[in-house]
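Structures for review follow.
Heads up, the next two complexes both have subunit A, just with different partners, subunit B and then subunit C.
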Partner chain A sequence: MDLLIAGFGVVGQGVAEMVEMKAGWFSERVGEELRIVGAFDSSSLAKSAKGLRGGELVARKLSTGKVGKSELVERGKRLIEDLEYDVLVEVTPTNIDDGEPGHGHMLAALKAGRHVVTSNKGPLALRFRELSRTAEKNRVQLRFEATVGGATPIVNLSRELLMGESISSIRGILNGTCNFILHRMKEEGLPFPQALKEAQEIGIAEKDPAYDIEGADSTCKATILANAIFGLDRTYGEVKRVGITGVTEEAVSLAGDEKKVIRLIADVSRGRLEVSPRLVPMGHPLSIGGTLNIVQIHTDLAGEITVAGRGAGKLETASAILSDLVALMKQDSPRSSSRR
Partner chain B sequence: MKVNVELRLKDVPGQLILALEPISTNGGNIVGVVHHRDVVVGGHITVNVTFEIRSDKTLERILDTWKEREIDVARFGSLYETFPIECLLVGEISPQELNSIVDKIESMEDLESVELRYSVSAASDGKAALVIGKVRRREAVEKVEQFLERRGKRAGFLLIRGLGE
Partner chain C sequence: MDLLIAGFGVVGQGVAEMVEMKAGWFSERVGEELRIVGAFDSSSLAKSAKGLRGGELVARKLSTGKVGKSELVERGKRLIEDLEYDVLVEVTPTNIDDGEPGHGHMLAALKAGRHVVTSNKGPLALRFRELSRTAEKNRVQLRFEATVGGATPIVNLSRELLMGESISSIRGILNGTCNFILHRMKEEGLPFPQALKEAQEIGIAEKDPAYDIEGADSTCKATILANAIFGLDRTYGEVKRVGITGVTEEAVSLAGDEKKVIRLIADVSRGRLEVSPRLVPMGHPLSIGGTLNIVQIHTDLAGEITVAGRGAGKLETASAILSDLVALMKQDSPRSSSRR
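Coming up: the complex of A and B.
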C-alpha cells in the first residue's frame, strides 16, 4: 500500500520512522508492504514511485527544515490529485478556525478516490459530515484513530470492536497537559500559574498553552466522538466548553477534603456534549494523575469499559495511525486489491 | 423505592412465610427481616421488614394481600432513593450570595437535604465553597446544577459539578 504524507512535523516524521522501523513486518503479517511514495510540507516535497526511505526524509527535514526539494506550497497540494498512491496520511497541524489546510487536503484525496488516515482534529471537529459523506460517496475510508487519545484506542474500539453494543456515553480525560497541571496542583498544593509553568519547563505544555488549558483540544476530541460514535452532526462551536484556568488551589484543596480530585472531563452522549472540570472521587478510574489519557465507555451489554494510554507523542500518534493503516490493508478494498 | 414496615403476626407457625411471600411474588427484594419472637402481645408478635420495590402500584398490591390475609401493618415508612448533589463553587462569592443560593435550593421540590462546606485545610478566604445535598429525583440534580450555573454566570463564579452516576 502506498502512502502520501501531507505535513512533515513531529507526527509526519513519526509516521516515516514507523514505516521504516516496521519494514518487512507488513508483508509478513498483512501480506503487502507499506511504502511512502510522496511527502510534502509547507515549502517542499519529495516523491518516488519506487518508494522513499522514511529515515532519509526525517534526516533531511531535521538538517534542512525541508522534507524534499523546495517547491511552492501549491505543488505539494497538487500531488494529492496527481500522484499514484492509496492513502493520504494527513498530519498537518490542527487549525480550529477553518480547518485548513487539512480540510482541503482531505477533501481532494477523498474525491480522487484515496483513503485518508489522519491525526488532524481541526477538519473533523469543524466539517465531519462533509468529509465522511465525501468518503462514502467515493467508496473510500476516512480513518482518524489518532485524533482522539493518541495511542489510546478509542475510536476504532467503539466503532469496530464494540460494534454490537449500544454505547450510552463516553467520558474521559483527553488532554494530558491539563491532567498534569491539575495533578500537580493537588499533589504539591501549587497554584495554577506555577503548575502551568512547571508543565512548560518540562515540555508538557506549549509556550502558548491556551489551546490546551482553555479546553479547545479536549473539545475537538469530544466533537469527533459525538459525530463518529453517536452519529450526531455537531461542530466544535456547539460543544459546551469550560477550561481549567479558573481552577484555584482553594478549589483543589476543598475537593481534597471531600476525597475528590478535579479533572477536565469530556462528557459525550446523545443528550450531553461538554468539556468541563468535574469532581471525581479519589480511586475512580477517571481520577488518574500524570499525562495519561483515559476514557470510560458505557455500553448496554459489556457495562463499563475503561482504556488508558499515552495521549500524545511522536511514535504514540504514529501507533494510532498504524492501526488505521493496517485496518485498511486488511480490508479487501477494490482499490488496494487492484493495485496489489 | 425502599420500604420499611412493622407487621403484627399471629404467634403461630407459618405466619412469617405468609407475610413475606407477597413481597417476592410482586418482584420485591427483601433487604432485612427482624423477628421479635420474645415479645408476644395479645397472641401477636412483631416483625420488622425492609424491602425494595419498583413502584407505588407494587406496594399497593402487597398491602392489599396483607389485608386479605389479616396481617396488621403497625407502622409504615418509605425510604426513597436519593441522588447526590455535589457542586463546587470557585471564585469570590460573598456570604450573602452563598446564603441566598442555599435558600433557593432549599425551596426547590424533591430536596432531601443541602449543606454548605468550606475548606478546612486551605486559608479560609471564601474563594471556594462546596454545595452538598441529596434530592429524590434524578431530574432534580440537573435542576440544581442548572440553577447554580445560571447563578455562577451572573455572580462570576466557576461551577465544578460532580461526576454523577
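Coming up: the complex of A and C.
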C-alpha cells in the first residue's frame, strides 16, 4: 500500500514516523508493504516509487524546513492527479473558511480513484456530502478517524463495531484545551484569562487560542459526527455554538456548590446538534479533568458506551490514521480495487 | 445468514429478541437475511429452514419452560453436526470445570465448517488454543466479544480497531457484581456480608455468589484476553486469582483515608496475568462505582484508551453477539465461505 502524504507539519511527521515503526508489522502480519512514495509541503516535494524513509523525511523537514529537496513547482492538486499511489494521507492544516487546500486535495484524489485518509477537519465540516458522494461514485473510501477525538476511536467504533446498533446520541468532550482550562478554573479558583495563560505557557493552548476556546474545533468535530454517524447534511456554520470565553469564575464556583462542574459538551443526535458549556454532576464520566477527550454513545441494545483517550498529539493522531489504513488493508487488494 | 442457537436461557432469549429487532435492518443495510433456523435448550428443539420468529420462541420458553415443541431426542452435538446453518450462537451456561457442553458444541460446529459466536466463557478460558486452531484449520471464525465485558466492545476494539497498535497491557474491572459490592462498602461503610446481601436482594448478585465474589468470572475474562489479545496459551486454573471475600470494612476505610478505593482489577499483559483487589486513587477512571465494566488499553501509539459499558444484561450481551455477526456478515458471502 503506497501512501502520498499531503502536508508535513506535526501530523505528517507523525505519520512518517508511524510508517517507519509499523512497516515490519505490516509485511509480517498483513503480508503487504506499507510505503511512503511521496510527501509534499507548501514549498517542496519528496518522491520515490521505491519508497521513502520516514525518519529521513522528518530529519530533513526539521533541519531545512522542507520535506523535499526539490522545489514544488506544481500545485498539490496536480501532484495528486499525476503521481502513482494507493492512499492520499491528507494532513494539511484545518481551514474552516473554505476548507482549502485540503478540500481540493481530497476531491482530486477521490476522482483519481484513490482512497483518502485524513485528519483535516475543515473539508469534512464544510463539504462532507460532496466528498462522501465523490468517494462512493469512484468506489473508493474516505476515512477520517483522526478528525474526531485524536487517538480515541470514536468514528470507527460507532460506524464499524456498533454498525448494527441504532445510535440515538453521542455526547462528550472533544477539545482537550477547553477541558484543561475549565478544570483549572475549578481546581484553583482561577479566572478564565489566567487559566488560559497557564494553558498557553505549558503548550496546551495555542498563542491564538480562538479556534479552541470559541468552540470552533469542537463544532467541526460535532458536525463531522452528525454527518458521518447520523447521516445528516450539516455544515459548520449551521451549528449552534457557544465557547467557554464567557464562563466566569463565579459560574464555576456556583456550579461547585451544587456538586457540578462546567464542561464544553458536544451534543449530537438526529434532532440536536450543539456545542455549549453545560453543567455536569461531579463523578459523572463527562466531569473528567485534564486534556482527554471522552464521549458517551447511546444505543438501543448496548445502552451507553463510554470511550476516552488522548485527543491530540503527533503519534496519537498517527494512531487514528493507522487504524484507517489497517481497515483499508483488510479489504482485498486495495491497489487493484482503487484502480479498476 | 442462518443461525442455530444453542442454549435458551436469558442470553439465548436476548439473541432471539435481537434478531427480531434487527432483521429488517440486516436485509436493508447488508442485503442479507438474518434468520434463526434452529434453537435448542437442554430438553427441546425448535427448527425451521424458513426461519423461526424470535418472539414466538421466547414466549414459548417463558410459558412452557421449553424453546421447542418437540422433545430433544438427540444430543446437541449431533444436531450441530446435522442441521443446516451458517453460524452457531453458543450461549449455554459457563462451566469452568470442564467447559461442557459448550466446548463440545463449539468444536462440532467448527469442524463442520460453521462460524461460532459465543458468550460462553468456560470453553474459551479452558481450551482456547484447541478451539482457535480448529477454527483456523476449518477456515471459519470463532468470535467471542460477548464473553468479556458484556456490551463493552473490548475484544473487537483491541483486535480490530487497534489491530496495528502494539498493546502492552489491558487493565480493568470485568465484574459488575464485585464492583457494586465494593462501591457500597465504601459509600455506606457496610461490612462485606451486608453489602453482598443488598446486592442479592436487588438482583445484582446470584443466590450462589461464589463465581463472582471469588473472582472466577473476572479470571475467566482475563484468561480470554490473555489468549486472544496477547497470544498466550493460558488456562483458567493457572491464573493468580484473589476474590473480594477477604476485603474488610477496615481495609476499605483505611484506603479511603488515603483517598483511594479498593477495586477488583484484572491485569493482563504478556508478562502478567492476575485478578486481585487493588488500591485505586479516587478520581482515577478505574475508581468507577456501580455495575459498569471498564478497561484501560495501553498501546504504543494511542497511549491509553479507556472504554466502559454495561457488563451484563440480556440485550447488552445480545449487542456484543450482534457486533460479531455484523463482522462476519461484512466478509463476503459467509455461507459459501463457511461451506467451501
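Throughout what follows, the second predicted complex is superposed on the first by the 325 of 340 C-alpha atoms of A that agree within 3 Å, B and C clash if a C-alpha of one lies under 4 Å from a C-alpha of the other, contacts with A are read in each partner's own complex, and residues count from 1 in each chain.
Methods note: a contact is a pair of C-beta atoms (placed from the backbone, for glycine too) under 8 Å apart; a residue touches a chain by one contact, two chains touch by 3 or more.
Only a predicted model underlies this, so the values are computations on that prediction, with no experimental measurement involved.
S.K.: Is A:Val326 touching anything from subunit B or subunit C once the two structures are fitted on A? First, second, both or neither.
M.R.: second
S.K.: Answer with first, second, both or neither: which of subunit B and subunit C does A:Val242 touch in the superposed model?
M.R.: The answer is first: A:Val242 touches subunit B but not subunit C.
S.K.: Is A:Ala318 contacted by the first partner subunit B, the second partner subunit C, both or neither?
M.R.: Once the two structures are laid over each other on A, A:Ala318 reaches subunit C alone.
S.K.: For A:Glu250, decide between first (touching subunit B), second (touching subunit C), both and neither.
M.R.: Touch status of A:Glu250: first partner only.
S.K.: Once the two complexes are aligned on chain A, which partner has more residues of subunit A within touching range, subunit B or subunit C?
M.R.: C
S.K.: Using the superposition on chain A described above, determine whether A:Glu258 touches subunit B (first), subunit C (second), both, or neither.
M.R.: Once the two structures are laid over each other on A, A:Glu258 reaches subunit B alone.
S.K.: Considering only the touch criterion stated at the top, classify A:Arg310 as touching first (subunit B), second (subunit C), both, or neither.
M.R.: The second partner, subunit C, only.
S.K.: Looking at A:Pro281 after the superposition, I want to know if it touches subunit B, subunit C, both of them or none. Which is it: first, second, both, neither?
M.R.: In the superposed model, A:Pro281 contacts subunit B only, not subunit C.
S.K.: Which residues of subunit A touch subunit B once you look at their complex with the stated criterion?
M.R.: 171, 242, 246-251, 253-258, 260, 262, 265, 276-281, 284, 286
S.K.: Under the stated contact criterion, what part of subunit B meets subunit A in this complex?
M.R.: Per the stated touch rule, the residues are 86, 88, 90-91, 117-123, 125, 127-130, 132, 158, 160-163.
S.K.: For the complex, which residues does subunit C have touching subunit A?
M.R.: 18, 21-22, 25-26, 151-153, 156-157, 160-166, 283, 285, 289, 294, 299-310, 313, 315-316, 318-320, 322-323, 325-326, 330
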